[in-house]
Amino acid sequence: MDETPVLSLSQVSKAFGAVRAVREVSLQLFPGEVHALAGENGAGKSTLVKILSGVHRPDSGRILLDGEPVEFGGPADAQRAGVAVIYQEPTLFPDLSVMENIFMGRQPRGRLGIDRRAMRASAAELFARLGVHLDPDQPARGLSIADQQLVEIAKALSLQARVLVMDEPTAALSGTEVARLFGVARTLRSQGCALLFISHRLEEIFELCRRVTTLRDGAHVASDLIADITPDDLVRRMVGRELDALFPKQETEAGEVALKVRRLTREGVFTDVSFEVRRGEIVALAGLVGAGRSEVARAVFGIDRWDAGSVEVDGKRLRPASPTAAMAAGLALVPEDRRQQGLVMDLSIERNIGLAGLSALHRGPLISRLAERERARDWAVRLRLKFGRLSDPVNVLSGGNQQKVVLGKWLARRPSVLIVDEPTRGIDVGTKAEVHRLLSELAGGGVAVLMISSELPEVLGMADRVLVMHEGRLVAEIPRADATEESVMAAATGRSAA
Amino acid sequence: MRRNGGRRLVDRVARVRELGIVVALGVLFGVTGAVNPSFLSYASLRDILLNSAIVAMLAVGQTLVVVTRNVDLSVSSVVGLSAFGGALILADHPGVPVAVVIAGCVVLGALCGAVNGLLVGAAKVPALVATLGTLYAFRGIDYAWAGGRQVNAADMPEGFLSLGSRSVLGVPLLALVALAVLLAVGWTLGNLRAGRELYAIGSSPEAAVLAGIAVRRRIVAAFVANGALAGLAGVMWAARFGTVDATVATGKELDVIAAVVVGGVAIFGGSGSVYGAALGALLLTGITSALAVLRVDALAQTAINGALLIAAIVLDRVLALRVAAALRRRRYHETTDPGRPADGR
Amino acid sequence: MAVDLARMARRWEGLILVLLVGVTVWASLGVDGFANGSNVSFLLLDTTEIALMALTMTLVIVAAEIDLSVASTLGLSCAVLGRLWNAGLPIEAIMPICLLVGAACGAFNGLLVTRLGLPSLAVTIGTFALFRGLAYVMLGDQAVAGLPPAYTSLATASVGPIPLATILVAVLAVVAAVVLHATGLGRSIFALGSNVEAAFFAGVRVKRIKLWLFVASGTMASLASLVYTFRYASARADSGMGLELAVVAAVLLGGVSIFGGRGTLPGVLMAVLLLGAVRNALILADVANEVLNFVTGLLLVASVLAPNLGAVWRRRSSPQVEGKSVT
Amino acid sequence: GTTKSDVEQQASASATAASSAAADPNAPIKQGLKIAFLPKQVNNPYFTIANGGGIEAAKEFGGEGKEVGPSDASASSQVSYINTLTQQKQDAIVIAANDPNAVVPALKQAMAAGIKVVSYDSDTAPEGRHVFVNQASAEDLGRTQVQLLAEQVGHKGKIAILSATPNATNQNTWIEFMKDELKKPDYKDMELVKVAYGNDDDQKSFTETQGLLRSYPDLAGIISPTTVGIAAAARYLSDSPSKGKVKLTGLGTPNQLRKFVKDGTIEAFELWNPADLGYLASYAAAALASGQVTGAEGEKFKAGKLGEYTIGAKGEVLLGKPTVFNEDNIDDFDF
């Protein structure tokens, strides 16, 4: 291409204290092209995004807009320059309505201040484009992660920017929404918009993008035309080594029933859900976003109260609405929203890992810092956590590494029943294989695993059985042998009953 | 479809929030009026309006700050400073026009607000700490200025004092001023971008930065506006009460925050309306007046005041919880409606 | 960022310590009568109630709640003491009753906060009035005097320049510091103060802990009321009026984040001493009361401002969005 | 356990005479005496005037007076000040106690350090001071206020009292005497319907006055034995239809109430001269510190322009009868 790039980075670097997050990286975004950014967790992708959007100022290097050097003093400057960004972690105003979230600061003006009618109409139009069923007047509080992500996407679209940067927009989405999003992205592309796309799902990169830039440890590794490389090449560039098979679920004999859920109902959320998970089994809970899977997991673990039904662990009934009782019975839940539910962002890595098992760290009445550190170090190493020091607060970790801390926190308890909700959301390919190996190992060791995942390949690769939810009901149970993309999707969209 | 149903209910509930206070007000006036009809006389209602006007205005200003997830504890000291300053000028320089003095007090208040705003917005001192500090500091300035002096009604021009008691069309002037402030601020918060941005900042400060909102400027502006209103409330105080010394309005900050909280403004920012806050102020002054009229034992008044305050908060909360539960159930019945076509989500 | 936060936290306590030492040195050299056994004794004694209540207030604020009713609880407990003493009960029986009253006040706050999910600021503004009002109902306008000399002199007695009451504070401070900084409970308090949802997901018994924190706060307020009453040899319903702001001010000056999840007990204790020493020295130096208030306010703001100004300066050179401002 | 009666028994058993040293009535007043005035609250206009009188007296006899104190009227903050004054080795402390008992331990320590203590305005428990300078006997004040109001309302009708805080010691003593006075047959047609409390807070007093008029529409008169209360009540009345109909009297300063006397809201009220009170207290302190008196009954001392005073029972010195202010004489006073 001989056009000038709309936006480009030239030799930018950014360090946080001793961590050199981005090292002399250059990147060029051309109009009418989707550019992918790939790299392991902590490679520096999000940092690069934040440099583009004016959140971080680069330590060195330049940002060029239409070939002219610019300085972004803050997100407002970038926005004005026509750069729209979907951040990795949704950043909504929970108290405000969805439409205000989208148009904050740019609300259409009428004669008497803000024109709500026009705003509602524009929001509805955006949602229609994305195929989302959201009420513009609904408050953002209580939206699922996926819905939040969709609102973020709508917000970015509404800016009608020349450059659209998307940091893992699909991590929380399932196939249908992803397809819609890609449709919209292609339209934008054809209208001459430049797009930057980040995802850990390689197939998405290959489907949507024309060019891919790979980062490793903050440094630029390669920029290729997608057409010139294979997924394996890309993985090699990211990880710097060969990877084994991605979904190595070992065959194990299913043991006794460890988790038994009977006719569980929470009014308005899910109805009459019954299933069992045996020791050594990995059972996947699949469904479209909003089917109520996370809600079932929350209720089982005692976060929410259920209205009817029962939960048994190893034959003993659980007290409702008590996570402490659930944990005592051997249950663990890795929640879907790591920032809100999984981590205490201000606390250090070691304290986060220790938090779910404080009693194990006690020596007499006092906490043993040594035991706490040992436990954290042990799991940090096993999960290949990329960190500076264990006493650093978790909020300086990259998204994927934060997810690993959540996993470590729960695995350190050695649960007998493990519920994982989107366990690999935002985790890079290498680590994903690692997490899968770990889950499979746990199952092999007799742990009953219930895995909620929106990623079909993951579901198909890992699960011994697939349970499918649709609109708050369990509609199908598919044994591994019969589980295919088609059969699961059919059940998830309510097209077939099991 | 189902979302729309839910929305309408949510809307209604949102209105119910303020309705709750209106109901409480109704009960208060009904019961007190039944026991002692003179409570509902014109003169009595006028007194209540007058008494609540100042607190209501402060509550409106405080709401501006509270929705941004901040708080201004120093208002009482600003009121004191402005009341004393205004009174002193009027007493010592009888030539200065009243309008100029009022404007001066508003500016003085705005300056105090700017100090708070800069501390919080620019220097990132947590609001509670900053304004607790300026609560002491402004009051200290007030004491130093006053040096034990008291300005009496006799020292101030009649024209000024009459502002505190004059009525227009039967409604006290001060209440009208408070009402005008209320409507203006209410409209700003609801219908201007700047107003909505205050809510956004309070709802999620980090998101506000990412959305390109000038957070610092908005926070400073909220504090300045609140300070200006406190300054205005200060002169109103001087006009209303006539006797002014350095202790004016000491301790009022908790009353103001109580009014804001009772009015349903979330103390952690992001939601609530000035109308609620003003009603809260009206309710609180109503309670005080009613207790005096009902011949409640002086010693028991404080306790009853506190108990009623808690009752109001609890009632509000229980109502909200009920409605939330009802909303969830309602969704349940809609989703389990057999006739409803599946919508692919 | 990581390094900054840690360093700043350390710098904060360092700052308070430097100020404390600075004020002490200045006052000892420059103010007549400051560095003298009986004055030190007064100074320490004068900070007793604030120090006691600040201990539990620290835990409460770290847990992202607040208790504005402590001074009123103190007043109510005083009133109960006076009332029962007038009724002829032995003081040894009255004291535990007072502690129970304090615990009940705390439980009332705690239940409203945990069972109904009300914001503690709102609840304790209400009980601030309620408890004080009950105190008036209980004791009215009386000032009950004639308390047992054995106890009143105990409250002002000292070992060398160190009052017995200060020793009580020290012992309780050690207990509180160990609980907060070295036990699982303390870890849980920090976690729930910082992110209550995540703490709940990790099995922290959020409601139970918060309830007990309020109970502890109430009990401590009534313990402070005993010291207060015996120290002044007079039980009244208006005892300790306005102390709540002094307590909160000390806790905040001590570097505890008002948003919860951050703070240390040593910092708070140093802040209590700093405020006490400054007041004492200024009064001795015949500085007018209004200046005193002004200085207190200034100190509060300045202590937070100083480290933040550095951060603002650095932010200038690199716009940081995510890092929460300190405290 | 220890109960109240135990303590009372012990106390009566160990009650001993306080003053031991002999007085020398002819001793000259020492020069350079340091006298500290500790009012209930600084920045209170009443005390500003009183202490002004005291400091002036100190200047007269070659001493040095200063005013220190808390900005809130609480016993505990007064104690800190007593302690610092002790540290500063003042020669005498002149105090208006916020709580008669709470200040005693600290004052005892001060006395042990050789500091003379004079109480004025509101007394401490007798063991906490050497001399109490009483502005007017409580009995006089209580009874004359009732008499003043009775004349104005024609010995008929409902009356109310607007006091300071529910636990203000001197107000409560006066109110007791008022109630006692009202028992006399002269007042059989007068009924005390309520004692309201304005907490010496201007706005609260204002609201309480409103409440009184609302709940007792046929109220004939109000007594407010506090300067803050009477001013607030006067301001409310002057602006209401009840002006002149509901009579108001009590204790107030002429400067504060001049306007209301002139516009007919108030017919007459009374007060002692606070400057004289401080002046007398200052001389009493000097006499003590110079050894002229010890605080025993019967001792005499000279108080500058006010003449000679005799210490009465329980170490009390009485300033004199209160002055009644009305339209005729109010312009003769400026305080």
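First chain written, first letter: the chains are A, B, C and D, and each begins at residue 1.
Simple rule for what comes next: a contact is a pair of C-beta atoms (placed from the backbone, for glycine too) under 8 Å apart; a residue touches a chain by one contact, two chains touch by 3 or more.
The chain lineup, named per UniProt: A = ATP-binding cassette domain-containing protein; B = Autoinducer 2 import system permease protein LsrC; C = Autoinducer 2 import system permease protein LsrD.
Because the structure is a prediction, the values reported are computed rather than measured.
**Student:** Relative to chain C, which chain's C-alpha centre is the most remote?
**Tutor:** Following the centroid criterion, the farthest chain would be A.
**Student:** By number of C-beta pairs in contact, which two chains lead?
**Tutor:** Looking across every pairing, the one with the most contacts is B-C.
**Student:** Taking each chain's centre as the mean position of its Cα atoms, how many Å separate chain A from chain C?
**Tutor:** That pair's centroid distance is 43 Å.
**Student:** Provide the C-alpha centroid distance between chain A and chain D, rounded to the nearest whole angstrom.
**Tutor:** So the centroids are 74 Å from each other.
**Student:** What is the distance, in whole Å, between the centres of chain B and chain D, each centre taken as the mean of its C-alpha atoms?
**Tutor:** Distance between chain centres, rounded to whole Å: 38 Å.
**Student:** Spell out, as numbers or ranges, the residues of chain B touching 2 or more other chains.
**Tutor:** Within chain B, residues 143, 206, 209-210, 246, 266, 299 contact more than one other chain.
**Student:** Listing for chain D: what residues touch at least two other chains?
**Tutor:** Residue numbers touching two or more other chains: 42-43, 71, 166.
**Student:** Which residues of chain C are in contact with two or more other chains?
**Tutor:** 136, 140-141, 242, 288-290, 293, 321-322
**Student:** Among the chains present, which pairs are found to touch?
**Tutor:** The set of touching chain pairs is A-B, A-C, B-C, B-D, C-D.
**Student:** Can you name the residues of chain C that touch chain B in the complex?
**Tutor:** 68, 112, 116-119, 121-123, 125-134, 136-137, 140-141, 242, 245, 248-249, 252-253, 257-259, 288-301, 304-305, 308-309, 311-312, 321-322, 325-327
**Student:** Using the touch definition from the top, list the residues of chain C that touch chain A in their complex.
**Tutor:** Touch residues, chain C against chain A: 1-6, 178, 182-184, 186-188, 190-191, 194-195, 197-205, 261-262, 317-322, 324.
**Student:** Okay, in this complex, where on chain B does chain C touch?
**Tutor:** Listed in rising order, the residues of chain B that touch chain C are 119, 122-126, 128-130, 132-144, 206, 209-210, 246, 251, 254, 257-258, 261-262, 266-268, 299-307, 309-310, 313-314, 317-318, 321.
**Student:** If you look only at chain A, which of its residues touch chain B in the complex?
**Tutor:** By the definition above, chain A touches chain B via 53, 55, 74-76, 79-80, 85, 87, 91-96, 100, 104-105, 107, 109, 112-114, 133-135, 137-139, 176, 267-269, 271, 288, 290, 471-472, 493-494.
**Student:** Within the complex, which stretch of chain B touches chain D?
**Tutor:** 36, 38-39, 41, 43-44, 47, 51, 143, 146-150, 152-154, 165, 241-243, 245-248, 288-289, 291-295, 298-299
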